[in-house]
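Here's the structure we're looking at; comments come further down.
Per-chain residue numbering starts at 1, and chain names A, B, C and D are given in the order in which the chains are listed.
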Amino acid sequence: MLKGIFPPITTPFVNDEIAFDKLAENISKWNRTKLAGYVVMGSNGESTFLTREEKLKLIENVKRNAGKDKILIAGTGSDSIKETISLTNDAAEIGADYALILTPSFFKGKMDSNSFIKYFTEVADKIVIPLIIYNVPKFTGVNIEAAPVSILSGHKNIIGLKNSSENVAHLSEIINVSTDDFVTLVGTASVLFTGLCAGAAGGVLALANIAPDMCVKVYDLFNEAKLKEARKLQAKLIPVNKAVTGKYGVAGLKAAMDVLGYFGGDPRAPLNKLNNNELEDLKTILSEAELL
Amino acid sequence: MLKGIFPPITTPFVNDEIAFDKLAENISKWNRTKLAGYVVMGSNGESTFLTREEKLKLIENVKRNAGKDKILIAGTGSDSIKETISLTNDAAEIGADYALILTPSFFKGKMDSNSFIKYFTEVADKIVIPLIIYNVPKFTGVNIEAAPVSILSGHKNIIGLKNSSENVAHLSEIINVSTDDFVTLVGTASVLFTGLCAGAAGGVLALANIAPDMCVKVYDLFNEAKLKEARKLQAKLIPVNKAVTGKYGVAGLKAAMDVLGYFGGDPRAPLNKLNNNELEDLKTILSEAELL
Amino acid sequence: MLKGIFPPITTPFVNDEIAFDKLAENISKWNRTKLAGYVVMGSNGESTFLTREEKLKLIENVKRNAGKDKILIAGTGSDSIKETISLTNDAAEIGADYALILTPSFFKGKMDSNSFIKYFTEVADKIVIPLIIYNVPKFTGVNIEAAPVSILSGHKNIIGLKNSSENVAHLSEIINVSTDDFVTLVGTASVLFTGLCAGAAGGVLALANIAPDMCVKVYDLFNEAKLKEARKLQAKLIPVNKAVTGKYGVAGLKAAMDVLGYFGGDPRAPLNKLNNNELEDLKTILSEAELL
Amino acid sequence: MLKGIFPPITTPFVNDEIAFDKLAENISKWNRTKLAGYVVMGSNGESTFLTREEKLKLIENVKRNAGKDKILIAGTGSDSIKETISLTNDAAEIGADYALILTPSFFKGKMDSNSFIKYFTEVADKIVIPLIIYNVPKFTGVNIEAAPVSILSGHKNIIGLKNSSENVAHLSEIINVSTDDFVTLVGTASVLFTGLCAGAAGGVLALANIAPDMCVKVYDLFNEAKLKEARKLQAKLIPVNKAVTGKYGVAGLKAAMDVLGYFGGDPRAPLNKLNNNELEDLKTILSEAELL
């Protein structure tokens, strides 16, 4: 059963092309941590800017470099059911263990519970690896309700959900109504501790790219029932997480990686990289959290 | 120091006028519980539909009927600083212990941190009872950030904040950056347990109008470090809370009161009361939560 | 029948109190224009920051100073039906010709067509001057649909609607479905020309505080069927309007008044006044539009 | 120079596969109208549900069946610059005359003016057919401001913009600040008439799938300076347009096609088809507009 902390790893670019050597270096560092595995082609992986060919090469490279004990989750969803099935099965063939599949979202007003049930059932029926639902209202503009998740949790190939909103009430409701073996992962470090309190099994955290040990430590402290210590450490994570998700986004996360000994590099266009003022602000935030 | 569970009590109407006898009956029931006190003229009190004269009569009546040990918090805020000060001080004179003051919100796009600091400082300087900031984005369309709350928490007459969003990350951040004696209350039962985990001192919960004992029990279990039991009881509260806040709102809360032995009555126009189908649905939800 | 251009006049403050002498000076200037009348206590009048007592004094003063030919429209609506009726009738007694009544909005998710019909019918039944519905989603967070407006347009005391969104499709739909004698006014200068094309009878325009002649000229050119000239002049208004509504709001409008020979002054707290950079930017915009 | 009325043609499916024979039948009917051309793979073409292979086959088929005088515009944009260039050039090779390119949108909060300028410039530099910017906030959650459009309008390969919001003020502003030969098309029939008044050159209208003659008639009446007649006919279009865009969306548009002698068929999953009540409602709306 899936649990623990996963970073949605960034995709390094040099001259606008994926830098596989830099990727390998990053992974070799993460391999030495207690991270449970990697999410490749999550939102922070700039999946939206990659061609199909690039996506498959990326998965292949991550698989090759990941430690044997690390689980590999690939973000392979898009609005097209056909393409989602096709890409997921190609990803599975080259080593993806799980598929993280975005809620369909283009026709926002029309994506009701029935649409989500239809979409995820059709996909889950035809893919050869287990499906994790990916709910991220900030980017998709849609939110999957607890009721359809309850139904979908009964499908034998739909094993969990990553919830990337900060709405812990929604997370609690999903946990309450889904089957016992359904796994819920928080999708942002700001609610790691409270999400675990609510019953989440772990998290897919952008922050885990730059602070894997601190994220794992919150998780471990919680599981050792050291709640005060867990909450105290969580408090440190919040301002950094706010900077590398809300405020500066992927560009901020990559800049922080560069500052902290990983390879970050520039995000791909049309994302902007940080300017100097933003970079200085980011460094201050990292210092205050004792990461720098 | 403020702590525990407070219901934002509904305002009963008969023939569109406040029914003070029904109010007294409700309060006499709540007096027998372990509720810490009452919020009068919160959102669920339909404060927005009351005239100034009605508001003062309402406070007077609640004060007269409340148990001696019950704290009285009055919702006296509006966009006008002058009127807020004036109404709050009138409320204090007739017995309000604390003032719960809404973030100003009419000019949504212009209400920045500076506006909030200016507003709450001017009000707090001139009112004779302690001020609790009331953040409720669902109704105001604005959200006060943690940074201005941090500054305002240093004002000797601003003692706390009620946060009515389900964003527990925001609550955590506020708790982390505010002064040690600043009190944070969750504003909806859906995040009671996780809010307490994050460090909240209690809650102002619509649900406490109809399920005071269950709400207090979650609070007590948490404080006795019985986390599993607290979370289990919390799970029961979530569907009911969703019905009487999000789905059916004040009309639903009042209908549930009627069903459960309190006086609810109709909401004031322009709010609609529930139709028969909605009422049946609500009863089913109450039954499933073992409240009915 | 109502038509032409109305400024929602700003409320001048000196030392945080209404400066009635400054108000009189502004009005004496506007009296010399072809403005059809004045809206007092519109959004731009900072009505939301005034006490009841201030509101009545304000209406009285505007009435006393307005030219005999100028129509006086007073913004007297709030969520409370009782208070709206009471304030409107007090306003009527001291000279208001029409009441501009906001859609109720506190319980956003619950304000459906039925709520609006109930609210406006109850109010219109009991006020002694004609009612104009005021739809301003930017500030209220709600939008009244065409269907309830169609029904309300049949009420003999509901004579029109001011629509302050830039959605001209919505305006067109309202015009199509309402009764023939129902008056529709655009609520922002950005859609003055296209709104007139769609069939609007005029406009309540913040911009008319500082550029009454240009606004009236667009209206006149349209009515003389000089469409090209109207559209050309309209093009000049758009950047200024954007600055004094969206970008800088009431503070910007007041600053522009100061620059252009009216008395603007500071907005009331919690609104911020412009800083120096913003003021310079505003002056540039006014110059480019040949207003300065 | 681009002008006139274009339908964003629907993509017919039978047993979840593109039905090219049905497509040919629809096109042969549209060929007999005064439509200026076709938009293939617009939002209403359910482009989001198609694989790359299906997209190219679709363009090829539309090209083969379109009348010689009909312009072919293909919707080939996605967040990935690489994939957008590649798909557009493949589309050009098989006959697309123009590319309609969506604003990038996944990282909503980060898509500022600079991002849009970078994205569209990079794409326009490398594609072999002219680029039309496609702004559709309803589906993308982002809105391109007039300022970047002004800059982009100076690029020799960026020839226009389709604006699918109902905000005619935004359209006016874009027209005012863009170069003289920059073409602006309205993106929804609800603002066809007022958009033309504002200076638009035509429209890409879902409604033109089912009512090509009425849409063309509004356009012709406007150009003959018969404004009253144009506005009167426009009034008829509004309720139908509301049903086949906002209310029922693509499923409604396809159902209306079936009712009116075209082949509509079911939308692809996860979109739902209309239920019987919705279909009856739709028929009533079509009757009232004298289309049925």
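Throughout what follows, a contact is a pair of C-beta atoms (placed from the backbone, for glycine too) under 8 Å apart; a residue touches a chain by one contact, two chains touch by 3 or more.
Remember, predicted model here, so these are calculated numbers, not experimental data.
Looking at CA centres, what chain is most distant from chain B?
D
Nearest whole angstrom, what separates the Cα centre of chain A from the Cα centre of chain B?
35
Using mean CA coordinates as chain centres, what's the chain A-chain C distance in Å?
Taking the average C-alpha coordinate of chain A and of chain C, the gap between them is 48 Å.
Multi-chain contacts only, two chains or more: what residues does chain A have there?
There are none in chain A.
What kind of graph do the touching chains make: line, ring, star, complete, other?
Graph shape here is a ring: one loop, exactly two partners per chain.
Would you pull the chain B residues touching chain C in the complex into a rising list?
These residues of chain B touch chain C: 43, 48-52, 54, 78-83, 86, 104, 106-112, 114-116, 118-119, 122, 138-139, 141, 246, 249-251, 268-272.
Note which residues of chain D are touching chain C in the complex, please.
By the definition above, chain D touches chain C via 166-170, 172-173, 176, 188, 190-191, 193-194, 197-199, 227, 231, 234-235, 238-239, 242.
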